[in-house]
Amino acid sequence: MKIAGTAQLPFPPEKAYDLMQDPAMLALAIPGCNSLEKTGENEYKLGLKMVLASLSGQFEGKVVLTEPNRPYSFKMLVEGTGKIGFVKGEGVIQLSGLGDGLSITSAITATGIEFAGEAQIGGSIASVGQRMIDTTSKLMVKQFFKKLEKLGLGDGVEKAGEAAAEQMGSGAGKTGEKPGENPEKWGK
Amino acid sequence: MRTINVSVNGTKHSHEVEPRMLLIHYLREVIGLTGTHMGCETSLCGACTIEVNGKAVKSCTMFAVQADGAEILTIEGLAAPDGTLHPIQDAFWTEHALQCGFCTPGMIMITKQILERNPNPTEHEIREGLDGNLCRCTGYQHIVNAVRTASLHRDALASLPKAGA
Amino acid sequence: MIANSFEYSAPGSLKEALALLAEGAKPLAGGMSLIPMMKLRLANPEHLVDIGRLPELNYIREENGELHIGAGVTHFEVESSPLLLGKCPLIAETAAHIGDIQVRNRGTIGGSVAHADPSADYPAALHALDAKIVLVSGEGTRTLSTEEFFLDTFTTALEPGEIVSEVIVPVDAGLTGTSYQKFLQPASGFAIVGAAARVRQEGGKFTLVRVGMTGLSGNAYRARNVEDALVGKEVTDANIQAAAALVADGQDASSDLHATAEYRAHLAGAYTARALRAALARSA
Amino acid sequence: MSTTVTKLEKLVGKRIKRKEDPRLITGTATYVEDVKLPDMYHAAILRSPHGAANIKSIDISKAQALPGVVAVYTGADILGVGSVVCAADLPGLRRPVHHILAQDRTYFVGHAVAVVVAKDRYIAADGVDLIEVDWEPTQAVTDPEKALAAGAPAVHPEWPDNTAFVHNQEGGDMAQAFADAEVVVRQRIVSQRLIPNAMETRGVVADWKQADKSMTIWTSTQIPHLARSILAGQLGLDENRVRLIAPEVGGGFGSKLNVYPEEALMGFVSMKLHKPVKWIESRRENFQTTIHGRGHVDYLEIAAMRDGTILGLKLKLIQDLGSYLQLLTPAIPTLSVLMMPGLYKFRNISAQVIGVFTNAVPTDAYRGAGRPEATHGIERMVDMLAAELGMDPVEIRLKNFAGKDDFPFLTAAGLTYDSGDYAATLDKALEMIDYKGLRAQQAQARAEGRLMGIGISTYGELCGFGPSPATPAGGWESATVKVEPSGKVTVMTGCSPHGQGQETAFAQIAADELGVPMDDVIVLHGDTSIVQYGIGTFGSRNTAVGGAALHYALQDIRDKAKRFGAKMLGVEDGDVVLADGHCTASNGTSVTFQQIAAAAYRGIVIPTGSEPGLVATRFWEPSNFAYPYGAHIIVSEVDAETGQIEIKRYLAVDDIGNIINPLLVDGQLHGGVAQGLGQALWEHGIYDDNGQLVSGTFMDYAMPRARMMPWVESAHTVTPSPVNPLGAKGVGEAGTIGSTPAMVNSVVDALAPLGVRHIDMPMTAGKIWKLIQDSSIQEKKA
């Protein structure tokens, strides 16, 4: 199925682009990522723990970044296979500079992001019903950019191991993240 | 393993079961009552409908351990010990409300709950009441007729066997 | 079709249950969402604590002008409670839309709320009712508004070891009119969209408007833009129509086999208008 | 000898409640899953999660090591077992070898890869989870039209064009018809993939007895004898040492008119382990691995004169076969071609069927099997032609129907329709529903801006399968009537009813012919060790073919009984009549049927040239199909705001020939209508481009539920079929065939003011809403 959307990051495209090409940053930003190892030029082996409501599963797969066009666009593929099935997402991410727009010379201070691609799931995980796929892939993308924003602003520089505990959703009595460890998430 | 005590159709049972054992498998494979059928794994077909403490439930979406201490009624417990059919069973027979029969035990059990809660349902209420039960053979029309016919036997229904009664 | 093995505990008290949950066990209430996932081996909890039988979570009572519904109360008990039918009919009406008889006999309000399914029925009504969600853990209790509780797709403010203990809804009879209108996904019976409306009018003007929407996007929400567009306005169908048309604004509408984002957004408006009209007809 | 003979009431034609029901309503019937044998093992199957993939390696060691697991088998182990059989043939048909477990490649999601055998089903499931497969997914193709395009991925690498066969059929002179035509209407019509979803999934228990070299297989099937022959062949066993039992079967609708890999696989496992073994399909497996139905893309062109006279119909049919050929897969679309002329007398057809491999589960017979697709096509085209010409859909049908004096009627497709009066049936329907009044109401509704539609379909079908030359594996049917010394009667039918109610209908027929109480008759079926060879239950054939075989067996019993009666009464053979349970001589003396039965076994009084006993077996071959037909009318209203369709009225007037039991007929009709409306409105088996079955659970595959179904009003006309002695035609598929075009015609009619001329199924609310939006936008632009 198609996925598409937009996001904004409060820093210029060059910085946003570089963050997304940096495996250390990707490891922190990809929801549930618990390992990311370089296996080739722009290709990384990925371990990912997906936790969503009561559902959970470990996926092994890869991240591949292609068609680099700094700072305008690149293509990203994320795929993983696990006991509960497989997930695959592929798409083009386009970046554009945003300023305050008050004049044509106004400085670019932020990045507008547009992404469009395809998401695919298979195996038992596909049995959860089609209605879940769209909402949950959007949730993952949202979390990815939210985390990237924090990383870009210099907050939330946690170790990859800690990031692994980050979950995509919380249901009743979920374990995995200790209260208080991530005050922003548990706040209010 | 965990020990559970249940009463099924008035008979007390005590067994050690794995916590993951589904109630339907307990009834079918441990107790040996195979009238309750498994039709899907997403709780959407209702073939496995039984009564637990007087409430219609899908026995494929309940672990046997959750029924510890419960009074259970299955399709096998509806007819009188002498074989006299329950009025709902009789209505299903009279109205030709079944073809292959696979969904029928669940249909009969949900009908019992529909009529207990609403003794004189309209066609619309009957159809809404059957919402959790799939039938691929009948197109439902004769089932609707059967529920209606059964509702006319209100006196007989009043003396229904009830789980826990 | 067969779950992985797990350990099962059926504690006799809430305190005992919370102690087990604090150790990392997962709660099992009615199991209507969890058990199908376990049968598909998508959910593989190691230890389940059965909180579905705790009498401490099973009550519906009126206290200080509010209605307290224990987390263990089933959808059937909500839909058929004389107290709720008389004093907060919206919650009862909404409960009657959930699943089918069998699901309503087992499923609990606490389980549904904690699951935060983006297409669940209750959240729409709870938003419209200004409901409060009470959470409990070994460390104590806290009470959140619905907007504080429902954070995102399957994401709530619940912390590990914490469960929903009750839902508080207002005594809402009298002048207020309410309605829940749902467009069913034909296969699963979940809401493609579900709109809950709650209105009061005085002197031909809307004095209170609450709208909760579920199914449209990744999270049920309170449609404050619709509410703001109506409060103080004349009670006319044109006003309802215009306000309802705003309901999808700013929402990232979901898309699936059963409804495109465009269609969902359209239905959200149409069903919001229907809910508002029906609620209005029931208001004094 | 008794002289008081009470006239018995005839049972045939009566609404009689079913004999099979007491066991079904008390939960005491035995389905495959209820079969429990001592020391029985349980099997679970690992299946491919990919649309197309190479298997680089399989590691079963962890599964084998799991306590309670008895054995694990993969593709390498089963090469001694014969592959899955396709009984249909067409010139040049490409037949992929379909092993019971995949070898180095899988072709569809759900393709069986390995089997785990364990002491209980829970451990078997755990074992499946422990098998590790190194998959190499490859590009799948699931859309049959994309599969035909140049450069498409090859489902079977040896056939890069993905074409299994091309089948052409011509009748008349199509070129001339198109040259003469004043109007030609063209439309692409899709009959989407459907998932049969019998409420009981498939299941198999196999029990091998090494000492006797005998195998007993319980399987949920519609064709016990054919399945036995095929399985004996696959397993290399003597046919007479294989006992196949179809116990209670929880629905089939064609999906169990097949022999699947798991049946031979369980036989193989039992032979390996010398223990009985059970496998029960999960619903998920059922969605993914039991055959699907339909899967057509039809390009239709209808040629006509301005006065509405139809000259001819041209069809290019692209059939989505899936990845393999199941029992009848390639034959199904050829039935569509035979049914193309519908009830109409035009003389020219031209059809090309292209069978296309895709990375999906095979399609095969699903209720109606080829005929619903054809009927949908012709009935849509006739409506579109009427719209084009500004004619009423009734008028155009009446103009083109074969007349009641035209029978036997040879169609443009080469079939000979047996009997009918199509106009009379349509007239009855129009009168019952007050067609003129409805059109007036519709005019009123349109004036008010409401979208009301009236849809008519006048369908025909070929059923009562069938003459043997036209039916793979034989089209005859068998019956044995065995009268016990007490006069109790046992009927053994080669049909294998699974809900249709032949235990009742056949008992009615036997009781009437022999003059015994219905309770004295039992009907046995579905066990190859009890019942003589038979064909099975499909294609609306139980009564028209199986009932006819029974009729003739009963005549044999009657003849013999009369000879015994005459001998017992001391009169000439020709001097007795057998009626009302008595054999009565012209002098008024009589003996009862029971007395005759006793005498036949006592063996003292034996008519000259006769022999003891009272048993008869007949195999009956029909000379033709039977051709039911009917008129279905649906009144609908579309909610312009949401696109939701409300069925206001559903009327079916069917002519299915003589009726044995109207209660059963109603049930068949309602069920058929539900499946037809399911296709028209909700159901859709959808594969994505990667080969994932995205509507693969009841969460996403919308089955008709009670609240979705309209009340179906039903009536009949009766034109007996001359093909069989009962005059019966068949009703099993009628509702499915008549309903889809009536539904679509109704909604298209409702939306006609917006310029809508065709809608593909399923007509979901979202699709209708979009159509309304798009046409309103166009209107605004115009």
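Per-chain residue numbering starts at 1, and chain names A, B, C and D are given in the order in which the chains are listed.
One rule holds for everything that comes next: a contact is a pair of C-beta atoms (placed from the backbone, for glycine too) under 8 Å apart; a residue touches a chain by one contact, two chains touch by 3 or more.
Everything quoted here is computed from the prediction, not taken from an experiment.
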Between subunit A and subunit B, which partner chains are common?
C, D
What chain pair shows the greatest number of contacts?
B-D
Provide the C-alpha centroid distance between subunit C and subunit D, rounded to the nearest whole angstrom.
44
When the centre of a chain is set as the mean of its C-alpha atoms, what distance in Å lies between subunit A and subunit D?
49
So what's the Cα centroid distance for subunit B and subunit C, whole Å?
29
Of all the residues in subunit A, which ones touch at least 2 other chains?
1, 83, 124, 127-131
When you check subunit D against every other chain, which residues touch at least two of them?
121-122, 129, 282-284, 694-695, 697-700, 703
Using the touch rule from the top of the page, what residues of subunit C touch 2 or more other chains?
1-2, 4, 38, 40-41, 185, 187-188, 257-258
If we count contacts the way the header does, which residues on subunit C are in touch with subunit D in the complex?
1-2, 4, 40-41, 183, 185-188, 257-260, 263, 266-267, 270
As the complex stands, subunit C meets subunit B at residues 1-8, 10, 28, 31-32, 35-36, 38-40, 48, 50, 52, 76, 80, 99-103, 105-106, 187-189
Complex contacts: residues of subunit D adjacent to subunit B:
17-18, 20-31, 33-34, 121-122, 196-201, 248-253, 282-284, 498-501, 663-664, 666-675, 697-699, 703-707, 709, 711-712, 735
Spell out the residues on subunit D that touch subunit A in their complex, using ranges where they run on.
49-50, 109, 129, 135, 284, 688, 690, 692-697, 699-700
Considering only the defined contacts, which subunit A positions touch subunit D in the complex?
1, 81, 83, 85-86, 120-124, 126-131
